[in-house]
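Lettered A, B, C and D in written order, each chain numbered from 1.
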Amino acid sequence: MVKFAVLGCGRIGRMHAINLARHPRAELAWVFDVADSAAASVAEATGAKQARDAEEALAASDVDAVLIASSTNTHLDLLERAVEAGKAVLCEKPIDLDLAKVDACWGRIKERNPTIMTGFNRRFDPTFRALRDRLQQGEIGKLEQVVITSRDPGPPPVAYIEVSGGLFRDMTIHDFDMARYLMGEIVSVFAVGANLVEPAIKSAGDIDAAMIILESADGALCHINNSRRCTYGYDQRIEAFGELGMLQAANQRPSSIQAWGSKATEAKDPVLDFFIERYTPAYLAEIDHFVDCCERGVTPIAGYREGREALRLADAALESLQTGKKVALG
Amino acid sequence: MVKFAVLGCGRIGRMHAINLARHPRAELAWVFDVADSAAASVAEATGAKQARDAEEALAASDVDAVLIASSTNTHLDLLERAVEAGKAVLCEKPIDLDLAKVDACWGRIKERNPTIMTGFNRRFDPTFRALRDRLQQGEIGKLEQVVITSRDPGPPPVAYIEVSGGLFRDMTIHDFDMARYLMGEIVSVFAVGANLVEPAIKSAGDIDAAMIILESADGALCHINNSRRCTYGYDQRIEAFGELGMLQAANQRPSSIQAWGSKATEAKDPVLDFFIERYTPAYLAEIDHFVDCCERGVTPIAGYREGREALRLADAALESLQTGKKVALG
Amino acid sequence: MVKFAVLGCGRIGRMHAINLARHPRAELAWVFDVADSAAASVAEATGAKQARDAEEALAASDVDAVLIASSTNTHLDLLERAVEAGKAVLCEKPIDLDLAKVDACWGRIKERNPTIMTGFNRRFDPTFRALRDRLQQGEIGKLEQVVITSRDPGPPPVAYIEVSGGLFRDMTIHDFDMARYLMGEIVSVFAVGANLVEPAIKSAGDIDAAMIILESADGALCHINNSRRCTYGYDQRIEAFGELGMLQAANQRPSSIQAWGSKATEAKDPVLDFFIERYTPAYLAEIDHFVDCCERGVTPIAGYREGREALRLADAALESLQTGKKVALG
Amino acid sequence: MVKFAVLGCGRIGRMHAINLARHPRAELAWVFDVADSAAASVAEATGAKQARDAEEALAASDVDAVLIASSTNTHLDLLERAVEAGKAVLCEKPIDLDLAKVDACWGRIKERNPTIMTGFNRRFDPTFRALRDRLQQGEIGKLEQVVITSRDPGPPPVAYIEVSGGLFRDMTIHDFDMARYLMGEIVSVFAVGANLVEPAIKSAGDIDAAMIILESADGALCHINNSRRCTYGYDQRIEAFGELGMLQAANQRPSSIQAWGSKATEAKDPVLDFFIERYTPAYLAEIDHFVDCCERGVTPIAGYREGREALRLADAALESLQTGKKVALG
């Protein structure tokens, strides 16, 4: 039984807390949020204790592992303190917006050989995981091209945009990680961006649509397209093209109904909207895997380094956007 | 080069005439219709001569083969006269509405060993033909169950219904033939009917929807469903279920566009509507095959017997509808 | 909080027990099975007490509701004793194989106005439920035809077949209930059967494939096809055809991957196999609904009468199979 | 009736010649090829006269229009001579590999106001045309992103590669034109390439796979991916994403069969392979449109300028490939 503290009780923190409370090998001991009422509500729903501050939860003897789901600017500090307190850490993405800080933190904690996992939930999605397994089993031979389509149903509030680190670090970071998950190391990044959705996002200095091309160390090519708006739901698709064929991960829906009428035929439901709905089984599998990491010493499928590398790709994309040049990664 | 007369220049006769006029191994010599203007229009479009009456076309020395597309009540008489004149015959379905007359006619013409083909166009559809080929190649092993879905976009005029011989002889007859094409001989028929679409059809003594079950000599089962109304086009599907799997023949559309929006996703076009649009390649292949029969002595894929047997199944379905009993076929 | 006893700890009983143990408004107090080890295993997995016999569980004061998942021949007796003990009952299908006994039992218990639910899990499937909702909202207008495809991945052991009551009472009973769920009362049944799958089933006096036609009181038609074998999984589809269009409930799969290669394109996974996998959310929703019935006096979506009526349709199908006649229901 | 000469009787020239010979408003008068036997074979199949040289065909009084399907290096010269001879011209793509020559030629011929059409057949594909129509009708609102997937079934001979002008000018040129057809003018190009398919292509100095990003004058983004190998056929798809939803043009197949078995379900046929098979209706519509241009003065949907602009994009892509920079177009 792994005992948990959850720091941050917003939408995703609450979901994790409930998943932990129901997990047969986990126990949710403590929750904390800077907003008292958020933490109180989760405490009530799960039976966990509400901590006065993060420190109380980090210091508690009945805590083996800390799940960090607070705002991004607090991630790295909490992570470091949790490691210093000897806890395992599952930290939501991005671990930070500043690569230098991420590297400096690692310099301070690496000798402890900490168990750290970055919350790249998509690696645990049954469909994407099956896609990767089938690639590795050679079903389509050598991987040549990947197309990742990743569109949010709608833009977040501008207040969120302003602290998000921008589209690449906030949203594309998942796609960068997916590219690495499927293709291995990335050696170049090119990106263009556009403001097509929400003028306030432009005013905030960010883009709301993007197209990106990556080259992998193996010579494969990857395209990512992003938008902050998608009327038909949370568009999450992958297409992997190899010497022997193609594997596609299609969108998913709440029912398998298809409607036929005078205007349209075989019309399916809008796709699952939004991440908590689309990635329900992924979040459960993520917790399951992290409990394995804590209990059995399994190496996290997405460790600290994955969080760092995805951020590095985001930084490179931003540089490419600004310079109009392909950015090579050392 | 096979020289043709086309008798009957309605919608389907006109289509056949144009197909013949363009066929590299056929020549359309004569056309006739009881409505002068219909024949004149087809003559003009194809360069064929317009006959004063059927007799002129049947007697013409520049006619090897006669395509009968006139009204059903004239089929059998024209067919017999054409055979007597030594012509090959391609006769639209049904060859007649009266099984006794069909058998009597055969008794009179069989010694001539005539080349006769019944216009069961669906046997020539590339998809259904591929389905049958794949069944015969054993792709799904022994055939166990067949489901035939066959729905017209809308009901014909009541005037047509009144001389049609009823749903089974007019519409289901294609499906009965398809069952025989895929499954071989049929040994029992059960049918229910309903009036769901058009009250005038009920007044005319006919049904406008039906469900049928057939048993084949091999012990396989077949379901047919029919309706005289289908808002999304001409619904023409087959599902063949065997010990190793299933083969489906899906509907077809004018384009491969799929639309995604806030109400529906992957929405395709309505399906091809109506038979001339859906079975364009089938009608071309049918003519091609019949030219082969005339030129090279190939045995018609759908001969006089196929016309007779499908009618016999229609009669059995009508008996079953009236008695509520499964009708065994000798 | 509704306190439960589960009687019968086979595959489905075990699943229900685990679902109850995890349900936020249910408490699993007792389990029993004639096989000690089965009950012990479920007791261990759920923390429930293991009863010495059914009587102990039925008499327990910490039991509000009894879930009957024992062998069919024990259902009715346990149901009656549970009702007499004042418990609510959720009974797996079929409630019995003998319609007379079902009616006699009802005669004895009806005055207690018992809360009884029959385990027609498919009514709770999110897709089928959405299908019914959309029918009732008029999306395709008046319902005209329904096609239910229902094929098991493989035949059960012959020992099971021998006590199953036959294909119609054991397997088709779900489809009969689905027909009633979508179409209302059924007024006639016609059925044919075949032995296509397993010779031992024939030796046991049962069929392993069937096709059925139903007529509803509203004049709509329904086709059901069944097989005890399906190589691609548990084939569970519905097609509802109305005056304005069609709604289909398609099969479901463990992932949304589609494979493209030199032999096949857009190839999807085999479909979910078997009922526990396919109907996972349905079983959860079923329990949820039953808890509502117990706690809040909600009327069960599938009551005792639904169990009785589906059995009556199965009996009529058997009569039709034997007589070759359409059987009218009073 | 428009009288034609066809110059070049290779695979595509032969197809055009046969289409012209069957066209109701066209007459194929002359054919020519540097290989006598190729021209003789087409002449025999179509009844056209075989010219001794291109000059004879260009000078013939019974020629209104010239279809140029010879090797690329002869296109521009033949086009210019045909225009000087007062003929209308339908020229296969690319009109030339050298943008300067293309512009110089235009300088010499433009005052004649010639009727020239570039053979961008995909503009005439019923599906792509419907896609464009629906975009223009506003079905998905403002167009934001386009993804064009375009993969050849297999690489051409290296001898062809060597004179092809490279992947961008030979293959991607169709996709560049499609981007312009859907999105209007393009203002920037970025491209990466790879050698993944055929070492001999690398030795010949060309790439065999590419990914490209375009920006349109309207601020929309476009991604193109190409490969010289695709095991499942000729992969030709478009995805257009707008503020209200998405339209996809899916691949097309020879039949609508879907196969279900123990390994895969809903498996469709490989897609149509290769361009003559995939674009059969497009080539027919292209000829039809060109005949309209000749007879009725309709402006070609793809004129000389379209040929020139697609080449300019190919040149920009090559520059981007070599420099790693986004290339702005004036």
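The criterion applied here is as follows: a contact is a pair of C-beta atoms (placed from the backbone, for glycine too) under 8 Å apart; a residue touches a chain by one contact, two chains touch by 3 or more.
Being a predicted model, the structure only gives us computed values, none of them experimental.
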Task: Any chain that touches chain C and chain A - done: B, D
Open item on the list: On a CA-centroid basis, which chain has its centre farthest from chain A's?
Closed with: B
- [ ] Would you mind pulling out the distance in Å between where the CA atoms of chain B average out and where those of chain C do?
- [x] 42
- [ ] Compute the distance, rounded to whole Å, between the mean C-alpha positions of chain A and chain B.
- [x] 58
Open item on the list: Where in chain B do residues touch two or more of the other chains?
Closed with: 231-232, 244-246, 251, 259-262, 266
Task: Residue ranges of chain A touching chain D (in the complex, touch as defined) - done: 142, 144-145, 147, 149, 151, 188, 190, 192, 194-197, 209-211, 213, 215, 219-223, 225, 227, 229-232, 235, 241, 243-246, 324-326
TODO: Quick one: which bits of chain D touch chain C in the complex? Just the residue numbers, please.
DONE: 231-233, 251, 253, 259-271
TODO: Provide the residue numbers of chain C that touch chain A in the complex, in ascending order.
DONE: 22, 126-127, 130-131, 134, 139-140, 244-252, 254-262, 266
